[in-house]
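There are two complexes below, and they share chain A, which is joined by chain B in the first and by chain C in the second.
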Partner chain A sequence: MRALLELYVQQFKTSFATMLQYRASLVIWLIGQVLEPVIYLIVWSTVARASGDQVGGFTSADFAAYFLVLMIVNHVTYTWIMYEFEYRVREGGLSPVLLRPVHPIHNDVADNLTSKMVSLPGMLLTAIGLGLIFRPDFRVVPWAIVAFIPSLALAFVVRFLVEWSLALAAFWTTRVGALNQMYFVLMLFLSGQMAPLSLMPAWIQVTASALPFRWMVAFPIELLLGRLTPAEALIGFGAQAIWIAVGLGLVRIVWRAGVRTYSAVGA
Partner chain B sequence: MSTLRLLWVSFRVGVMGELAYRVNFVVQLFQSIVGLGTALAGLAVVFAYTDTLGGWQADEVVALVGVYILVGGVIGAVIQPSMEEFIESVREGTLDYVLTKPEDAQLLVSIQEVDIWELIDIVVGFGVLVVALARLDERVGVAQAGSFALMLLAGGAIVYSFWLILATLSFWFVRVENILVIFQSMYEAGRWPISLYPGWLRFGLTFLVPVAFAVTVPAEALTGRLDGTSLWGALGLAGVLLVVSRLLWRTGIRRYSGASA
Partner chain C sequence: MPSPVIHLHDLHKTYEVSEREAGVRAALKSLIHRQTEKVRAVDGISFDLAPGEIVGFLGPNGAGKTTTLKMLSGLLHPTAGELAVLGYVPWKRERAFLRQITLVMGQRNQLVWDIPALDSFELNRVIYRLSPADYRQTLDELTTLLELEPLLRKPVRNLSLGERMKCEVAAALLHRPQVVFLDEPTIGLDVTMQRRLRGFIAEYNRRFGATVLLTSHYMADVEALCRRVIVIHRGRILFDGDLSALVQRFTAHKTIVVQLGDCSDDLRGYGEVVSCEDGRATLRVPKAETARVTERLLADLPVIDLTVEDPPIEEVIERVFEQEPSSGEEADG
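And then the complex of A and B:
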């Protein structure tokens, strides 16, 4: 445990130093993460205003609240591991990692958290600035606000495990681009990035709840905005727990199988 | 004439280089179709709740998406790979080889690299456009078609000059490709009618990164929304930027001293 803690501290330092070198690429990632929710915010607000400021239970101010919270939740939970893993496998960068006595997922977790610690304050300021422009309407439900933080943390864990497992596809194919694109399309429609899930056709809502997608992004947003009953919130936490268990199993199985096929191309 | 001939040569080199990787064609085709399906499904969700979006009907927005994919394909097939290659060659010093050739160096640099699989997007975008137009038939006359073609050319010239100006800055600053990546992510916003956006965002998408001229203005021309001011504005801006980028190119090339030589 102590050793693991030291590993995390060390990885924090390394990641931090790396990030300071690549500030520009961090900012570019963030532009995309701000722009996409803002575009959908504007589109849906326009739709709401055109139909008497009410679309499926959302006013334009509700849409503003939804997409600004989405921006933060998406930022907290996102990973870039699916882009990076292909590179690691192709260039043989994985070889030294395999020699270390700890599971490589720890380095990635620490790396991810460091990056978020640096960028999250900026994202929050951006969200507040956009809030002044788009005037969101927040319904304050005290218990839901308290429950939001754990739901966000669990959403991060679910998304991290799922994306880390998918990233391992790079062990078997060097063309992960198409796979990643498929995944991002599913995320767009099923995790609530394009529209609140309640506006989607019923079969999409069912699929999103049956798969991990809803629990990775949409659930914490719905919770914070006071759109869930306590019972629905409990179901959500249960679903997150189940997907974390599944994700842990998946990481273990896929990682073992992947390492066996890895032959260090380029090393 | 020689421009077309050189473009053809670049294209053939691109084909020869890529034919070794034929699976890429299937992968790219798959990705283009998924991209198109995503865009159309997104429109279907939005238009399930409304008939018009900021005054645009569903088929008109589909036409806009067609223009978006088409122009994105042109940028991805020729402009972006050529400019990236150019920036790289300034850093590596291999621009020397281009400068020794007996053709205009700006022209050579601008069409030196053709990503042939991106041409699929041009075809897909054109296809979407034709289908959308067929469904809108009564409102697209010869005048609209003509001004659409004109605005497409002007938009292309503006986007090209914009990239060339930024890429030319690499004569002074070594790292400029980040600005170009920002264009890529801002381009996403062109998928929807720009008139939806609030003033500050519209301004940014018109003058900071010319997404409006590349996508929205041609689509407006096609759907009969374009007023004279925008038309002449686009033509004027295209002319000015072509001249400015040319002048900047000349200044830059004089400064280039060949890092490797």
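And then the complex of A and C:
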């Protein structure tokens, strides 16, 4: 355990040093992460204003609150591991990793967390700045604000495990781009990135709740905005726990099978 | 004989490679029915390595050298055969096994590109769970042997190829592996750097008693480091034994160099004249006749100087590859 902790500390340092080499691309990447929710925010506020400032229980100020929180939640839970793995397998970068006496997932977790820690303050400042422009309406529910932090952390874990397992498709095909594209489209609809799930048709809401998508992004947002009852919040935490268990199992099985394929075909 | 560190018996690796003709029609056809061909990269090889041996693993491109090294280090799963390294089954990649081996491949890097090598070394320290004292000591030794001091704090991408290779080798050896697989460690390096790296490998082997299996296209590497060589071609072993025995066995000729006053004498009666410049003649003679020809040359001509040499090792190796693997030239040792 101590050794693992030491590994994380060292990996943080390494990732941090690497990131500092790429300040410009980091900023550009962050701009993309800001722009997307802002575009949806503008679209939905316009729609709300056009229909008497009310769409499915959301006023334009509610939309502002929703998408500004989405920006933060999406930033915290986002991973780029699917691109990364494709690159690793294609460029043979996986071979040295396989020969290290440590599971490669630790490297990716640490790398992800470091990047989030570095960029989160900037992201929060941006959200505050945008808040001054778009005037969000926050309903303050103290217990929900407290519950938001663990729900966000768990959402990150769920999303990380799901995306890490999906990324391993790179072991079987060198063209995982199509799969990634499909996943991102599903993500857009089912995780609440394009619109709050409560605005979606019932069958989409059911699908989003049955699959991991809702628990990766929408759930922490709904919680923080005080749109959930305590019972709904508990169900959400339960769903996150289940998906973490499923995700861990998936990572284990897919990784083993993937490495077996990789070492049969040629490393 | 101590029990072998590396043991291979009748090891096979067959790849299934999909292939198709060029062109759109063939591309469409391959959508429905994919033609695959079996390639026997390694076709039944056997050998043992004793602790502390440095063995040269030679063969032309595509002979199966890298495939074998990958099976030995645990990256590839053998199709058939027995394989044990330090008593472990490599492809299971148990941590205790991985902590005792290393694989250095010329082009693959384990150094993080954008940060100084020292930071990558630190990462390896925690990955391999080295105690700070052991790490410090090994790092100091490696720094001295490879003259790394001025390189450690520069971002890896700012290093020259040779400098980077030295750092790669150091990163691969920080955990003091007992078994070292080197795939073309000197490729792309200048002569000085090659010599230094070679000296280092010999020193590492001497100091830590590590077993080393190396492939190289530079015969100088092999001559300097390896008493024993294993020659592989088309996935099969053509020769396994002492380097000197290899030369003995595959050379039917010797080279006699005579220094004469000029090139006016007709030397064709003594052997095949390879060249003659400024009175310095190079003759190729059958091995069995060397003594007789030398005697005759000394008796007949005003010889100033005379040397008898084996042909260059490159030439010998080339000759080995010309033999068919099935022609009875099977493993020697």
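Everything that follows uses one rule, which is that the second predicted complex is superposed on the first by the 262 of 267 C-alpha atoms of A that agree within 3 Å, B and C clash if a C-alpha of one lies under 4 Å from a C-alpha of the other, contacts with A are read in each partner's own complex, and residues count from 1 in each chain.
Operating definition for what follows: a contact is a pair of C-beta atoms (placed from the backbone, for glycine too) under 8 Å apart; a residue touches a chain by one contact, two chains touch by 3 or more.
None of the values given here were measured: they were computed from a predicted structure.
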| item | value |
| --- | --- |
| Touched partner set for A:P142, first chain B, second chain C, both or neither | neither |
| Which of chain B and chain C A:L99 touches, first, second, both or neither | second |
| Partner chain(s) touched by A:K13 [first = chain B, second = chain C, both, neither] | second |
| First (chain B), second (chain C), both or neither touched by A:G52 | neither |
| Partner chain in contact with A:R175 - chain B first, chain C second, else both or neither | first |
| Touching partner for A:L188 - first (chain B), second (chain C), both, neither | first |
| List of chain A residues in touch with chain B within their complex | 24-25, 28, 31-32, 35-36, 38-39, 42-44, 46-47, 50-51, 55-56, 133, 175, 177-178, 181-182, 185, 188-189, 194-195, 199-201 |
| Residue ranges of chain A in contact with chain C within the complex | 3, 6-7, 9-11, 13-14, 17-18, 21-22, 92-93, 95-96, 98-102, 260, 263-267 |
| Sites on chain C touched by chain A in the complex | 15-16, 70, 73-77, 91, 93, 95-96, 98-99, 101-103, 105, 108-110, 112, 114-115, 119-120, 122-123, 125-129, 155 |
| Touching residues on chain B, where the partner in the complex is chain A | 23, 27, 30-31, 34-35, 37-38, 41-42, 45-46, 48-50, 52-54, 175, 178, 181-182, 185-186, 188-189, 191-192, 196-198, 201 |
